[in-house]
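Read through the structures below before going on.
In what comes next, chain A is part of two complexes: it sits with chain B in the first one and with chain C in the second one.
Up next is the complex of A and B:
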């Protein structure tokens, strides 16, 4: 099984059962067919417009879908098919979510207690020492331990989230995009962090709507649209204009640097 | 950003501002209550004399009115009361034949047990039920609890009191029908068990006033917390079940619940007037009714002022506790917008 990638998602589909007025049942398809692989040392960007199902894929991979969700398709991890319950069990250890925004920290709990809790959940012994060391390792000394999330700078928030996400030494990190509206250098720093995480023999799936940013750090770019992955390309393919799929071409040409051109429904 | 030296001044300013606000509030409450009392249709002399009022001649009436200063202009009477108040003299209660402060002290002690028990009951029960409802949103437990809250919110206090009396005191004979202590038993022979037995029904009745808002607010806070990003991240880290609620939800939901609970002292007082009346419980609420019906102006004004201070203090403590639980609200304080 040495040839199998660490994460292999095949035809993943997710739908929700909802009840309309009365007892009429309605099924809403959110993901129609997602294919994605990521191997250790690799940073794969999943690019799509908002509503294309990117975040839902992240939740599905971590087994965090709500109870009314129905999932089909396969998710292989290390060559083994894992059902949602098995993925949920591994969340926080082998599989990690890495968000980027301060809203992912508990607003009413001091930072250290949250990092410590992450250490406990990851099954680390001596969580106090581990949590302190994890923060120290990212340049956050004891002075930030008792601070609340809203008292941290954006960069500090990111480092705390990273410390928590990597607590269980995960093989796979599903990372959210850097918060939209962040200054360019902050975005670059966040992306560089993700690149470093991938370079440490981990698989990173970056979920973003920012194609330009994805092209800077990703090894591969997977394009999704309407709950379906439609194309996969290497960053080099974009610059040499070897894009085959019309939607990918349209995304590329819509970038500010490429003329802002909007193609009619591609 | 915040050193001890620079923090001291805003604190002093805040204390001064709040004290000034309290004084203004007390003055307004005193004036308003006084105006209401002066315009009340109850004749103070008739109320004082009681059933023998028929044997009272007009000359005697005029004499009493003059002696009590009832013929003086209203503002003079108010100012003389206010002047005495500044000197620490709250006046004399004609209905209880004792100084006002003594009456309030006595009655408040009786009411304190009742109100504290009701307050704790509605707080603990309300928060617990709200937590369960929020966590089990959409399930049977949630529907039952929400339905119960709406029912309690729409049930009048006196009606709930009468219902409880009928079921538990009259039909089942489990609880005493009235009063704070057994009738005909010397005060030093009344045990703690007796007192609690007499306290139970009024306290439950009174807690009904406060329970529904706490349940519904807590439920919403829990629902919001569970849908928030930080809970999603906690789930992604393997947090779930009781641990999730304990570590990531309880504190978030406790802040609004406590703020509400401390802010509801006014309703608690209002409820105690009705609950004590139904159960003939000799507390501050019952004394308020007596004072109002007997035209006992000094006592009623005293109770009004005392209640105002208590409600004000409750809100103040609520603010502090909220700031303690949710550090973000301290930002608002520091900017001086409160």
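Up next is the complex of A and C:
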């Protein structure tokens, strides 16, 4: 038995080489040093400003970065260091991405065919039955099978994406901003869904800018800023005002219910 | 000068149901009015009707007795800022050009409050700035049009808490300094309770269609 967490990210850095003007190249550092761990049964939230590199971390973990990205640091899965190619190889099976929005679905293909394809890619036998059952399990009956993504509500799209992400029975689910702009009830439903996924012995990484939502479901909150992990805290530390890092304190006091103000460290 | 909706009805086509049904409301200068309601209810549609991007089938939207639309040499007195900051910016244009779209002279751009768009930001492309920065640029563009009213539709729903406070600080400053009236649409009730003088419930505004 190893005691290592299921996912262990250490000093992950990502930079991109771009052609600026003509043949002049420049290197843009997008992630400068991210640390994050998540174990089975755990829901870990990664919170930070937009542009802090949160989605990039998700894509890096799944080996989905474009070819001009240069990665350093280590990503361990079940105690084994996996390089980007090995991660990409396991994406959709051991590792799954629950993407942000409807734009990750094919707009011109009915939803059933897309879920079925996810089943095929995950190596499931009898993909038709599996896809139908996965949708049914989330309250989406045959009436939605032939609909196109734009004919579904935001909540239905999320359930389709969840069905596709869990198709390969992944040990790790990375959910990228699943809630922005949703009304309170839909946010609660989405988060409760993620909590259930974690409670079924999976590791869940919830990427969000919504600190209040993260505090409701997460076991731990990892705070990042400018592409770097700066702090980690438990939800209880927020409510009891035991936050040590100034940026984490600033995020907390900026919430509408907690003063809606900028502290000098923000 | 008041932004007023009188018994406004709107639907997207003759066959589709009424999205905005018999809504009346008003926003006074210097006032921040919150509009709260569930998603899919029609809040954003109402916002677009109020800012003149959509025309009501029945009823009337008016600013000082006139419908909200650009005049000769003047911009629309009701400006709209929406949720997805980057979608409102042309990805192939530098920030400066998006701001200049308002007809503002270069001198006006350089004199823009650096909290809205610092000089270094003007020569960047949208993909080179963060969501919070992009939304401040959108607000700056709306304010360059010298509006009397602002419709702010989920303007901070995609922002982190700190960027949210920063953007609202800038909106409040415009309200105080220029007497702009704001209608702000959000599903986030705690936020509306902090930023708005009064909050309307969308469901209570809409009439059951007869």
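What we mean here is this: the second predicted complex is superposed on the first by the 261 of 266 C-alpha atoms of A that agree within 3 Å, B and C clash if a C-alpha of one lies under 4 Å from a C-alpha of the other, contacts with A are read in each partner's own complex, and residues count from 1 in each chain.
The rule is simple: a contact is a pair of C-beta atoms (placed from the backbone, for glycine too) under 8 Å apart; a residue touches a chain by one contact, two chains touch by 3 or more.
What you are looking at is a predicted structure, and each value in this text was computed from that prediction instead of being measured.
Student: After superposition on the shared chain, which partner residues are touched by A:239: those of chain B (first), chain C (second), both, or neither?
Tutor: So A:239 meets neither chain B nor chain C here.
Student: Please indicate which partner A:137 is in contact with in the superposed arrangement: first for chain B, second for chain C, both, or neither.
Tutor: neither
Student: For A:106, using the defined touch cut-off, is the partner it touches chain B, chain C, both, or neither? Pick first, second, both or neither.
Tutor: Touch partner of A:106: chain B, not chain C.
Student: Output check: A:200 vs chain B and chain C. Expected answer is one of first, second, both, neither. What do you get?
Tutor: In the superposition, A:200 touches no partner, neither chain B nor chain C.
Student: So, A:93: does it touch chain B (first), chain C (second), both, or neither?
Tutor: After superposition on chain A, A:93 lies in contact with chain B alone.
Student: Touch test for A:150: chain B only (first), chain C only (second), both, or neither?
Tutor: A:150 sits against chain B, while chain C stays out of touch.
Student: For the complex, which residues does chain A have touching chain B?
Tutor: 59, 62, 64, 88-89, 91-93, 96-97, 99, 101, 103-109, 117-118, 121-122, 148, 150-151, 161, 164-165, 167-168
Student: Under the stated contact criterion, what part of chain A meets chain C in this complex?
Tutor: Answer in residue numbers: 47-52, 153-154, 180-186, 209, 211-212, 250-252, 254-257, 260-262, 266.
Student: Which stretch or stretches of chain C touch chain A in the complex?
Tutor: My answer: residues 38-40, 83, 129-133, 154, 157-166, 168-169, 187-191, 193-195.
Student: Please output the residues of chain B touching chain A within their complex, sorted ascending.
Tutor: Residues in contact with chain A: 228-230, 232-240, 247-248, 251-252, 255, 325-328, 331.
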